[in-house]
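Paired with chain B in one complex and with chain C in the other, chain A is shared by the two complexes that follow.
Let's look at the complex of A and B:
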């Protein structure tokens, strides 16, 4: 559960360095008191998550097309592990292919974000997603609300 | 007509023929008996004539004797008495002939007998007269008495004879008359007999002739049928074979041989001879199926490859089933179809299919490239543009800002092009399933999605009552999105855009792209606007890929939107057409079949 006392811990797994930079820049510009951890591929992400000593993060922004362990692989591993059941997953991909949306929805992701092509839009997306009442969002989750339109 | 039918009927004809033969037999027997009677009467007439002659002869003999006697009395010349006078022998011969002639006639016999008695008496008087005459100075009175007595008796005899002759003549006359009648009767009978025989002969001949004609006709027809069947086998590329299970003999049709690439009937019809042509891999199976069927009497169907003498490979489907011939013997009848052409075409089709699949896969990967790999760097460019504008925009000159705006516009255009291309290729791909789609709820969703664009243009969109159709939902969604954005894009600047979407009744059959559209079979949906419109002659051009009518930069189109619409409508076996007037607006008509 996210409480006001905890600083929100956000993870981003994306193999694209520019995108990681845009993401952290956007967060910095939003001046939110968040903790951000970046991973450059799926393996790195999973290695981190499986460490027993970590505190459970709140939101994971997950790219789909990554070398080695893909976003789909990570999603599956996370959702089959009851330890991560509190972790909200936001798919963060260039693709808006129906097939990908469908598959991640079924796979248990909480929201699907198509990477924006404008920096101000990126900031808005991050702000909106972080401020979502996840419990409310998840209980009313359907395919229409799953795809996040900016 | 009735007679003709009877005439045609075999049974009736046979009965008639039998009756005719009986009638002829009867008439012939009547005729024979008549002839017999005729013969009898001829004989009777002859006998009666002969009797008359003999009787007259007798009278003349008596007359002669009287003359001789008188001459002797007058002359006393003995010479008159020498010449056979009172020769009993001659008389006796006469009587015996008469007796013979009249033997069958009792009246005549009696007459002749009494005549003989009279003759005897006359002879006695002759002798007495002669004795008296020889005495010299004979008693003239006694002589006279004797002569008178003799003459009287002679007259009596003559009377008797003439009476007899008269009776005979009367009888003869009756006989003659009856003879004439019999003759006439016989002639009529004979004539009738001949006519009847002729009639029957004619009828039989005619009947036989028509029978022969019919037989000939049937024969000709059979020949023709056989000929056409043979030709049909040739044309349709099939041959047949028969196996009599009792005699274990095979018969192959001519085309059966031709299918094997040899002359008809060029080898003995046995399975061994045929198996020489069979592909070695198919031989065992084909023979096994065939021999098993001879036990079970179940129909068979096998595909057999044959190697022809010229080396060609033939694919032949051999089907067989069992039936009984006219003698009640089991016969297996089989047909060989030449499926080589179909088989080759099938292989060709399979090849084409594989090729198509490969092309489809390529298209899919192209799709992936466009939708992901190409968009990725483009999105980066756009991101950096937005970063630069935000961070460094203030230090740029006016011209630099202008350039930047142009770079951004170009990048945006490139992005929408890519999205449209992906959409277009998605409409080409097959394998989408049709589901019942309520167009009204679909449009509600679309309008929600396009809410920002509609708001931007301050447009008024009205949606009428729309039908539920079987469709590929995401494609129909794309179709209406494209049409509505198209109307928004080409709206007039100074007038509020009004877009109307409604179903319309097809009051009379419309011809769209050569196809008939009727209310019974099609839904018609209208999307109309009050935009800038275009000249009607461009109506077909706008649906062509990358064809744009407006080149003015304020109308930012990719040239794909309406091409996608056309493709989608075609995917639904429908049609799309447009009516437009420059400055007045456009009206798109979409037709969907009702039963798909």
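Let's look at the complex of A and C:
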């Protein structure tokens, strides 16, 4: 059982440098200690995940719209690998269409974030996401029915 | 008249510990620096009393016991939500306080300090977790599920479900069904 003192290991893949910066700033302000690793595209992310020596991350924030290997490609690859069964995946996108949201959950995502347009909203969203993910993780709740859309 | 003193803090602590533990009639052994072996089963209540006495001297017992208490609180809540066919009619605070033998204020404070959420929120998460399980099992209607989990109506359950997950129960069910189809296709 992870305790509140264990740092949460967070991954973020986004091709937009500003978005990456926003996210890491927002994450840095969380009450929970965390370690963040950033990737600028899907290939970098998947290369990292394929390494045998990495410590299992708790949550991955994945931008849906990335050139080359898209967020959806990464999602599919990760979800067919049993090694990452416990990894929570948070997809974020500019779309709020129910159909898109449903598709990402069906594809194996746990969390769907509609990208908010200002920084303070983003901070709140990230805080809620990391918090609820942590609740699930630390209480052994069922990952397969863990969905959170915000 | 002025007196000058020199003191051995460590020795003073040991003596205080011994005196306090003896006062509370706890069987113990003082091990190495900072370690005490308690030679008997001690109730949470008695433990809290010992802690309180020691705290007055600036002596604090470290975390492990607290995480045990957190687990007990969680277990009590899970039992309340899952193992009873209908949730208790007494208030949650009364139920937990009785069951764990601590004041609710104490329980609530420790819980939120260590879990980053409130007991109320944790209970809601557990109730929705059970609702999900019941929806997936497909043996009860949404009305029956909301009754079982002590919601005043389906609307009340749906609204809390949406608050916790961002999805309505029917959207949740659609996603689960579609996922099942996919899995079956692969096989």
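In this section, the second predicted complex is superposed on the first by the 122 of 150 C-alpha atoms of A that agree within 3 Å, B and C clash if a C-alpha of one lies under 4 Å from a C-alpha of the other, contacts with A are read in each partner's own complex, and residues count from 1 in each chain.
One rule holds for everything that comes next: a residue touches a chain if its C-beta (ideal position, glycine included) is under 8 Å from a C-beta of that chain, and two chains touch if they have at least 3 such contacts.
Note that this is a predicted model, so its numbers are computed, not measured.
Enquirer: With both complexes overlaid on chain A, does A:53 touch chain B (first), chain C (second), both or neither?
Expert: Neither partner.
Enquirer: After lining up the shared chain so the two structures overlap, which partner does A:32 touch, if you call chain B first and chain C second: first, second, both or neither?
Expert: Only chain C; A:32 stays clear of chain B.
Enquirer: Applying the document's definition of touch, where does A:102 land relative to chain B and chain C: first, second, both, or neither?
Expert: So A:102 only meets chain C here.
Enquirer: Answer with first, second, both or neither: which of chain B and chain C does A:148 touch in the superposed model?
Expert: So A:148 only meets chain C here.
Enquirer: For A:112, decide between first (touching chain B), second (touching chain C), both and neither.
Expert: A:112 contacts chain C only, not chain B.
Enquirer: Between chain B and chain C, whom does A:131 touch in the aligned arrangement: first, second, both, or neither?
Expert: Touch status of A:131: second partner only.
Enquirer: Which chain makes contact with more of the residues of chain A, chain B or else chain C?
Expert: Chain A has more residues touched by C than by the other partner.
Enquirer: Touching chain B and also chain C: which chain A residues?
Expert: 98
Enquirer: Within their complex, state which residues of chain A touch chain B.
Expert: Listed in rising order, the residues of chain A that touch chain B are 16, 18, 22, 65, 94-98, 115-120, 122.
Enquirer: Quick one: which bits of chain B touch chain A in the complex? Just the residue numbers, please.
Expert: Contact set of chain B toward chain A: 371-372, 375-376, 378-380, 382-383, 386-387, 390, 415, 474.
Enquirer: Note which residues of chain C are touching chain A in the complex, please.
Expert: Listed in rising order, the residues are 67, 71, 74, 114-117, 122, 125, 129, 132-133, 136, 164-167, 171-172, 174-176, 178-179, 182.
Enquirer: Per the contact definition, I'd like the list of chain A residues that touch chain C in the complex.
Expert: 1, 3-4, 31-32, 98, 102, 105-106, 112, 131-132, 134-135, 138-139, 141-142, 145, 147-150
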